[in-house]
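Here's the structure, in structure tokens; my notes come after.
Read from first to last, the chains carry the letters A, B, C and D; within each, the first residue is number 1.
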Amino acid sequence: MEGSVTLKALAGAGMPHRKIGEVILDVQNISLRFGGVKALTDISFDVREHEVRAIIGPNGAGKSSMLNCINGVYQPQQGAITFRGKTFKHMNSRQVAKMGVARTFQSLALFKGMSVLDNIMTGRNLRMKRNLLWQALRIGPAEREENEHRAVVERIIDFLEIQAWRKTPVGRLPYGLQKRVDLGRALAMEPQVLLLDEPMAGMNVEEKQDMCRFILDVNDEFGTTIVLIEHDMGVVMDISDRVVVLDYGKKIGDGTPDEVRANPEVIKAYLGTTH
Amino acid sequence: MTTTFPRLLLEHAAKRPEAPALREKEYGIWQSLAWAPLATLVRHLACGLAAAGLGRGQHIAVIGANRPRLYASMLAAQSLGAIPVPLYQDAAATEFTFPINNAEVAFAIVEDQEQVDKLVEVREQCPQLASIWYDDPRGLRNYNEPGLAALDALLAAGQAHDAANPTLFADSVAAGRPEDVAALFFTSGTTGQPKGVVHTHATLTDRAQAGASFDRLTHDEEVLAYLPPAWIGQNIFSYAQWLVCGYVVNCPESSATVTIDMKEIGPTYYFAPPSVFEGLLTSVTIRMEDASAPKRWLYQRFMDVARRIGPARMDGKAVGLADRLLYGLGNLLVYAPLRNSLGLSRVRVAYTAGEAIGPDLFTFYRSLGINLKQLYGSTETAVFVCLQPDNEVRADTVGVPIDGVEIKLADSGEILVRSAGLLKGYYKNPAATAEVLDADGWYHTGDAGFIEAGGHLKIIDRAKDVGRMADGAMFAPKYIENKLKFFPYIKEAVAFGDRRERVCVFVNIDFSAVGNWAERRNLPYAGYTDLAQKPEVYQLIGDCVEKVNADLAADERLSGSQVSRFLLLHKELDADDGELTRTNKVRRGHIGEKYRVLVDALYGGLDHQYIETQVKFEDGRSGMVAADLKIADAKTFSHARRAA
Amino acid sequence: MLYRENGQFKTSYRADLQIFPIAQDRIAIVALLAVAFVVVPLVADQYYLRAILIPFLILSLAALGLNVLVGYCGQISLGTGAFMAVGAYAAYNFFIRVDGMPMLAAVLLGGLCATAVGVVFGIPSLRIKGLYLAVATLAAQFFVDWAFLRITWFTNDAPSGSVGVRNLSVFGLPIESPVQKYLFTLTVVVVFALLVKNLVRSAIGREWMAIRDMDVAAAVIGIRPVYAKLTAFAVSSFVVGVAGALWGFIYLGSWEPAAFSIDRSFQLLFMIIIGGLGSIMGSFFGAAFIVLLPIFLDQALPALGTAVGLRLDTAFVSHVTIMIFGALIVFFLIVEPHGIARLWSTGKEKLRLWPFPH
Amino acid sequence: MGFFLETLIGGLMSGMLYSLIALGFVLIYKASGVFNFAQGAMVLFAALAMARFSEWLPSRLGIESKVLANVIAFALAFVVMIAVAWLIERLALSKLVNQEGITLLMATLGISYFLDGFGQTVFGSDIYKIDVGLPKDPIFLMESTFQGGVLVNKEDLYAALIAAALVALLTLFFQKTGTGRALRAVADDHQAAQSIGIPLNRIWVIVWSVAGFVALVAGIIWGSKLGVQFSLSLVALKALPVVILGGLTSVPGAIIGGLIIGVGEKLSEVYLGKYFGGGIEIWFAYALALVFLLVRPQGLFGEKIIDRV
């Protein structure tokens, strides 16, 4: 059954673990303006398969804008983005999603009127094929499809250890758990690349540790490539393979955590802001 | 009952192949495993283990929460004549070294990464530990420990091996004999190293069967397995009796969801130590405090009704029509909904054991209409020694010896047990075995007690604490102290009387309880010492003591140890002053020394005694507390008069 | 308090995902249906059927349709009346122009026409949001009012667009007496309620709610706003259109555009606000409330008036009635934005947890 | 040609009145982000108040002078409108702050129902007339230019002039007075406005009062034209497309939009109506606005919206 196939994918079968692979996502000379305001200026960097890639920078450095360009929320005025060899002037959200790029949000962007289960289920919608009529009748194939995807979603709920809240409306959950659900919704898309926008913002130490564990587990278990935004340098440095540093919409550093730590410009930017 | 667990499994698989054997809530629904598929699973696991070299008589550690595949692994091991050794999953890594080495364990099947990590940690000290299989591969993808593999791999290997040797499984099950060792349970000894209790298929199945027939258990029971399988209590209920009766064992989704799962399953046969019941009650009280005033009123009102009528009803005694209607109403409004939200609606039989349960706690559940009963037994006796028959349930006894059990009282008052369910001995520890098993096959429980009129066994104390009065009457200080402490006004009590002609008691009042009582009577007081010395308070406590005496008098063995005199201490007994152990048990001897003047005053017949005591305050400073303590006589009863 | 859920464990997703997972609820709903289908026809007299139950059912259906759009997809519409009108007049045309056209088919075809119109007027929703969209739907309202009044072809050249139908039947069974009409309507409503419920608890329903709750996030996980919104418009106006057709055929028998004026649109909007946005049950609650309140006030107010010794004419009563409606809308929006349905579900939760508060 | 001019002027004049009501919308939307569906109901309510007061004053208090009666009635009606504004703020808006636009819209729908019902309960529901002495006789312009000249209804002319004056007045009020500036500040950014100590609630009361005043004037003009009756509250529906066209947040937008709609309506009715069987002005305005929306979702002068993630 189709469900079991996707389960395999989830379990990362045949994913050679942590073998950093070829460049999967390549960002070339992206520039983005709102009216007169320059949000991003000529940003370029690449992401290799299976790696954990961090984008750090002080608040307002343009980190989120960068993600928004990658998954087509914003249309950059200049530059191009190459994903698995295909180059795009600017991305279209649905296309990006289809190509296997998922994303979580800095400010919680869950569907507050829906339960944890339904929120994560929405992540499966791209893969649900039955048309309106089938869904209205909800018999045979339609029901089977629904159940198969429910099965996958349950794997994710299990993975994120939120079984106890499955049927709870997300609005009622504490912040830390909502962040997990957000991650779950992204995972439900079985992404090849996962964009995380400050996954640990506003969390206490404990929650941060949990989140770190989940992120690493995702990378381990499913071989998912991870692009991670943080403005808190400390957390990122331990978990990421390579780091891009943005400041005022410009790239001021790129390399392994150690290289970046050593980079004088980065130090300046961070001494300038208290982080 | 002469069979083995693997044979029982195969019988069920043959008789009721489709019927569910195990249910586990996983991925949001209750996934059932029927008897036939379970048998196949066990068969393949067994073949896998055989291929891996597990042989007859060898030990294999099983570590993890209640998971179907772990239970299956135990069965698989037993099918090969090997001996599963369940270990506590929440134990620290270092606690594993002794049992693993003691039972020279070379194989282990564990639940998940957490357990694997612990075993890997102790591998230095346990070189013989060759292979470890894990049920849940999460996080273990890049471990490259030698001999570490997933249970799935074992399963696959097993299928291959089974195909190659189709008769292997059947043969080795057939070769198993009831008197073979079935399992090894390590009891965490209070002192020294843990001891491995050896049980055979015969001992376990015999007791399981006896217990089952006592409560007429059928294969329709639903059981929720949520306590550590390494504890014989859980093991007998969710393994031995499971295979004997063929009912369904349900495994919760995760430790965080037990209450939810309990509510969904609604077990019909339930077992828990008093602590669990206490926790439940606490949660009920707390949640009720947040309830709206009318609800709280309703609850209080009907819980009173329940306490009045419930127990009698449960014991099948006749209850007046008005009361029956009232209780029915309460049942509709409070009891039934409460049972529902506790997940106890469908309970037919529930047991508590392990330690003494407070009468209030006990009656709370009884009065709700839950058939909660007590049983007496231990790891060494394969649990079932005494059980309370329906309608003969009392808070202060542990029931009647069930069939197959002989009970004898040693002169010391210690309870001796003989049954087909006794341990074969402690593993590689003949000395310890000799201590508890005598030549005629009596097991020395270490508990002191006696058979009451009506044949109910009554546990009064640990045997070593029981003393003798000057006139030779039995003196069980802890028993008396506990009886006193069941009163809310009494926080601590210390009873003296060993080798004396009468019993005298120090009492610590419960400051808050007695304080409230005093305020309700607007009785002014200046602090603990002052309150304790109020004549009214002496009256109050005197009544409690009198009640206890009345109880004691009811029993000819104990009527001799009624409390004749008592005093209220001027300070609370405190661990900082060395009067209590860190676990808040009274250090009787030490207190007797420290307050010798008071003891002498009690026995010297004085009616008051001045005393000064040094105390340590919270901030570490120390100071003196001085008071002139009154000493009161308590009303005692003669046994005959109560009997009449 | 009435719930006993121990032992109601689910061993399949099918069981877990059913509409009423709790046995007690299933019993209740079956009982309710039994009463509606069997007892009511036996006991209820003509007046109640004709003046209360039938309009209640049809308006519930319309509210249900509107709820899909407003409650589930978050797209406001003030043009519901128009879509009802399209349904009614289209059905009328199919019914009288195509001879031998079965009534049921005509009604459904009417719904389809409403769908088409709905989608057309839904197109603006792709570019414009919220308030602006409200105006767009108003446009539909006015245009349609005008069209059926002035374009006589739609009304088979009837003056001022007043048309009528008679001798209705379904599968050979006559639909003439109130009881027959009631049973027919009830059946249609129940079927539609079930279908809509299935939709909102399936993929498409989740897409609608996703768009409603957080459209950017929805887009990022690959949901097409265009598709989601247009399907919402389509489904919504189909149901509304069918309701319109029933309103004309079953309830009124003969009607004119005024029957589907802007007031109807507002009335339906009020139903779902008071009943509960984004709730199937809410649509029924709201309809019941808004159908019953005027009837109640018509009785109560004059009685009250005479009690305090003044005669209240019907005009006064009707004014007070709309006043109360207005006040109630504001009240619900402030106090319980999710309407009666939410009150209901909270009450149910309390019963499940009884005697505990949480 | 003359006929065309006639229609054009007629359009401009009724357009002026649309802008007047549209102005009411814009004011409130700018200041409190509420799309005030109740504007029409306010017009009706105000007109009713005015009509009844000007009728009661002579009859009950025996005030002879018609002018005086009208003036007092006007003052009273204005007071009533202020009261209404205050009540709306107190009872509804203050409890709905930070709700989505749609919720607020629905709330004002409720309010408009309430006002309709309330007004007719208190003031009665017959047709009343307002006579503030607007001359009804027609005048002819530019008779020299074309034969027969261009017929203009004097009443409309005055109405248009009054409307224009009021619009000008309000614009001034916004630009010059402190309150006006405060209003603009609030419109731009609620938090900021509050942080610099502008009392939101008071501002809202003021705005709603102003809107009430506008409604009153509009009510009087329309009322004296068509008579005061329930249909007045539908006038607002006419003004909706105007707002959309002009852009919800722009005062000039409201004015220009009003004129466009007014003219477009008349011309379309005259020149296209016959092909459609007449009566198309009911929806023409909407069609116009809608087509326009598709091209420019934020309206003529509205600001563009970017949603951030």
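FYI, contacts are C-beta pairs under 8 Å (C-beta built on N, C-alpha and C of every residue); 3 or more make two chains touch, one makes a residue touch a chain.
In this text the structure is predicted, and so the values were computed from the model without any measurement.
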item	value
Minimal step count in the chain contact network, chain A to chain C	1
Per Cα centroids, the chain farthest from chain C	B
Chain pair with the higher count of C-beta pairs in contact (C-D, B-C)	C-D
Centre distance in Å when chain B and chain C are each reduced to the mean of their C-alpha atoms	59
Inter-centroid spacing, chain D versus chain A (mean Cα positions, whole Å)	50
Gap in Å, rounded to a whole number, between the CA centres of chain D and chain B	80
Cα-centroid distance, chain C relative to chain D, in whole angstrom	33
Residue list for chain D, restricted to those that touch at least two other chains	309
Touching two or more other chains - residues of chain C	12-13, 216-217
Contacts with 2+ other chains: residues of chain B	28
Chain B-facing residues of chain A, complex	12, 17-18, 117, 150-151, 154-155, 157-159, 161, 163-164, 166, 217, 220-221
Parts of chain C lying in touch with chain D, wherever the complex brings them together	74, 76, 124, 127-128, 130-132, 134-136, 138-139, 142-143, 145-146, 149-152, 216-217, 262, 266, 269-270, 273, 315-316, 319-330, 333-334, 337
Touching residues (chain side chain D, partner chain C) in the complex	35, 91-92, 95-96, 99-103, 105-107, 109-118, 120-121, 125, 237, 240-241, 243-244, 248, 276-280, 282-283, 286-287, 289-290, 293-294, 297, 307, 309
In the complex, chain A residues that touch chain C	71-73, 93-94, 96-98, 102-103, 105, 109-114, 118, 121-126, 128, 130, 132, 135-138, 142-143, 146-147, 150-151, 185-186, 189
Parts of chain C lying in touch with chain A, wherever the complex brings them together	12-14, 17, 195-196, 198-199, 201-207, 209-210, 212-214, 216-224, 231, 235, 278
